[in-house]
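Going by the order they are written in, the chains are A, B and C; count residues from 1 in each one.
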C-alpha cells in the first residue's frame, strides 16, 4: 500500500430481534449513522460494498438490488461479497482496495443480517439428500474442534466460562449489543444448559439482527474528517480448503498466514506487545484462547493463560472484545464488519463507555466457514509510517 | 374515521425444490454404501487416503486413485453432544455427532454415535458402523444408521 | 492504473442439465484448461475470485465446495461475490491494481438446472414487502420491459425473432453453446408467448457451465504466448430497484458504466468491433445497443445468452468471449456487458483492446 487509507465514519444499529423495522430500514440505520459520523452525504460516496451471509437466512436473493435505495447506491458501483462469516472483514478490505486502486475516493461498506426473518439453524441444516441427517447446526460443527483444543492445551474447563463473564460484562458498556446482562457469574455460565457439549448456552452467540457501516477513504480526504480517523496499518485475507487430510482446524494455517501478513504490512514484530486491544470473531467462548493463538497474540497452547490471568478482561493489558463481541450480538453478515469497526472506534477514541484507555493499535478479525476464511486488519491512531 | 392498524408483519413463505448432483467422486462412495462397503481412495500425489473421496485431491489437484474397501471400524477423533431441539431436527436430543477416523483413512467422516450414553463417549473410542437392513440400503450416507462403540472384547 | 490483461479464457460446454459432476468437478477441468492455455501453474496465481449464488445451487455456503477445485492449499488470497462472476472479474481487476501480485484467476459457476422451478426462486430477488409477494413468474418483469420496448416503437416482435435467429445461427460455430441452429423468423413468430411479447426462444435458456478467466498485470501479461486482451476500462452502476419508478425501455446505468469505462479506456463502445452482451432476453439486445452507444459492433458472435445461460457464469462468459476475439487476433477493440437482477437494474461494462494504453 503506497498511500494511507483510513476509516472516517462508523455506524451501527442496535443488535436485537428487530421485528419493528424492514430490512431496508435496518440497513439505513447504520448507513445514516456512518455518514453522520463522517459528516458526509450520499453524494460524497463513490462506491458501495455490501456484506451479507447466505441469502437463505432471510430469503432475499441478491439483496444489493432491493437495497439500492436504502444504501444510497443508485448511480454507484455496488458489489455484494460473501465469504462465510468473515464476509464483513472481506468487504471492508475490498472497500479499502477500491480506494487504494484509485477507483473510488470514498467507499461505503455496509453489512447486515436480519435473521429474525427466518430460522438460522434450519437454514444451516439443509443437508444434501444423500447425506447423513446429523442436524448438528453451527455449534455442532465447532464444538468438536473446541474439544480438541482443550485436549491439546490441557486448559481447565472454567476458561470458557471466564470468557463469557468478560464479554457479557463488556456488553453492558455497549449500547448497541443484543445481549446485555449485567453481573453474570462463572457459576451461572457453568450451570447454563449444555447445547453442544462442551458448549453451554451462555457460551454461545445469539442469532441477532443488526447492521453496520463504515466509510473508508484515502489520506487526503481523511485529513478533512471531522473526527479522528482510524488509519489502516495492515490488512489481509486468506482462505484454505476444508477437505483435506491433515487439516488443522484448531489452529488453521490460513488464520496464521492472514495475521502474519497484516502484521508485516503494519511493521509489527511482536503483536502481543504492540497491539492494545483486539476485536476477534469469537462465536463460542473457547474461540478466544484459540484465536489469540491463531492470530499470534499468544503462544500455541497458552492462549488460555491470558484469559486465566485476566489479561484479556476489560481492565487487562490486552482487552479482547471490549464491545462484548459476538457473544453479545451476532448478526452474522455484519459481525465481521462490527469487529473491524469496533477496532476502528477504539483507536479513534470513540468507543464511548467501552473505550479502552490509550488504545492506539487495534486488531479487527473475522472468520468464516469451517474456519476456512480469515480476514484481519490492524488499525491505528497514527498515520502509518 | 379511525385509521387502520399498521401492518407490522407479513408472511413470505418460500418453498424451493432442487435436484442435487452427488458428483462422480461422491457417487463412487455412495454406491459403495449401497453395498455395505466403505470405499476409500488414495491420492497418488500426496498419498493421503480420503473417505469419502472426491474425484480430485483438493491439495494436489490431480485425480485420486481407484477405490478400495476399508474394514469399517475406526476411532472417534472428536465429538459433541447436541442437546437442544430445533426445527427440522431428525433425532431427539441429546445425541452425539462425531468426527470418526476410519482405520486406513487420513480424513474423517461425520456421523452419529449411538447405543452408548453420551457421557461415555470419549476421544479415541473405537467405533463400528451399524448398517440398515437390506430393504433400506441406498446410495446414501443413511445406509449407515449410526456408529456404535466396539467394546473391548471385539476391538 | 496498472495495465491488466485477460491472458486466457476457458469454459465448459453449457448444457441443459449436468447430472454427473459436482461443483468442484465442473470447475476444476476449466481451471486446468485456462491455466494451461496461459502457460501458468496454479502456484503462479496470486489471487482467486469467484462468483456463484446459493439460490441456484440450493444450499447455504455452496461456493465453499468450489474451492476444492482451485487448490486452496497452502492458503490463498481469495474472495467471492454472491453475484454473477463478472463482478468477481471486477474485484480481481481491482486487486491487481494494488501491485501486491501479478496474476489473478476468476471463475464462475452457474447451474440454472438444479432449481426444479425457477418461478419459486427468482421472485426472491425482489423487494420482499412490496414486490415478492406478487410472485411474478421468472420472466414477468422481462415481459413488461419487452412490452414497453414494443409499445415505444423501439423494437418489434419480428425484430426480436431476427435477433434470436441471428444468435442461434452464430452459435453453430460455438462448441460451448447449449442451443444453436438455423431457424426461420416466421417459424419463431408462430410459437406461443410465454410472457407477451416474449416467446420461449426470446428467453435465454437456463443451463449449467463453469467459466474461468485469467488476468495478468504488467509484464506478466506479456509472458504467456499469444495476444493478451487488455482491460482498458471497467465500470458498473446500479439503478433504483422498483420497476414502476424506472423507464424500462432504457438502461441508464449501462450507459453510465459505458461512459465511465470509456473515460478510462480512451475509446468508447461505439468503436468496438465486437460486443458480447448479457442479454437474458432478446429485447435487451436493441435496448443495450442503444444504451451502450454501439456503433457497428458485431453483437454476440458467440451466440450470447440466447444460446445458453449458465446462471451466474453468464456475465463472465461475455467478458471471456469478447477477450477471446482479441486474443485470437480477429479484432482490436471489444466491449463486454454483464447484468445483475431482473430488467437490467445493475450493469457492468468492460472495454478490451489488443493494445495497452
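Keep in mind that, in the parts below, a residue touches a chain if its C-beta (ideal position, glycine included) is under 8 Å from a C-beta of that chain, and two chains touch if they have at least 3 such contacts.
What you are looking at is a predicted structure, and each value in this text was computed from that prediction instead of being measured.
*Asks:* Report which interface contains more C-beta contacts, comparing A-C against A-B.
*Replies:* The comparison resolves to A-C.
*Asks:* Pick the chain whose C-alpha centre of mass, unweighted, sits closest to the average of all protein C-alpha coordinates shown.
*Replies:* That would be A.
*Asks:* Taking the mean of the CA coordinates per chain, how far is chain B from chain C in Å?
*Replies:* Each chain reduced to its C-alpha mean, chain B and chain C end up 37 Å apart.
*Asks:* How big is the gap, in whole Å, between where the Cα atoms of chain A centre and where those of chain B centre?
*Replies:* 30
*Asks:* Can you list every residue of chain A that touches 2 or more other chains, as numbers and ranges?
*Replies:* 59, 117, 128, 241, 243-244
*Asks:* Give me the residue numbers in chain C that touch at least two other chains, ranges are fine.
*Replies:* Residue numbers touching two or more other chains: 55, 58-59, 67-68, 71-73, 121, 124, 128-129.
*Asks:* Going through chain B residue by residue, note those that touch at least 2 other chains and give them in order.
*Replies:* Answer for chain B, listing residues that touch two or more other chains: 12, 14, 20, 22, 26, 54, 58-59.
*Asks:* Can you check the complex and tell me which residues of chain C touch chain A?
*Replies:* So the residues of chain C touching chain A come out as 1, 48, 53-55, 58-61, 63-64, 67-68, 71-83, 87, 90-91, 94-95, 97-99, 121-122, 124-129, 235-241, 253, 256, 340-341, 345-346.
*Asks:* Could you please specify the touching residues of chain C with respect to chain B in the complex?
*Replies:* Residue list for chain C touching chain B: 17-25, 28, 32, 42, 55, 57-59, 67-73, 113-117, 120-121, 124, 128-129, 132-133.
*Asks:* Which residues, counting only chain A, touch chain C once they are in their complex?
*Replies:* 1-2, 22-23, 52, 54-62, 64-69, 73-84, 90, 94, 97-98, 100-103, 117, 123-124, 126, 128, 236-244, 253-254, 257-258, 369, 372
*Asks:* Chain B touches which residues of chain A in the complex?
*Replies:* 19-20, 59, 117, 119, 121-122, 125, 128-137, 139-140, 143-145, 147-148, 151, 193-199, 241, 243-246
*Asks:* Considering the complex alone, what residue numbers of chain B touch chain C?
*Replies:* 10, 12, 14-26, 54-56, 58-61
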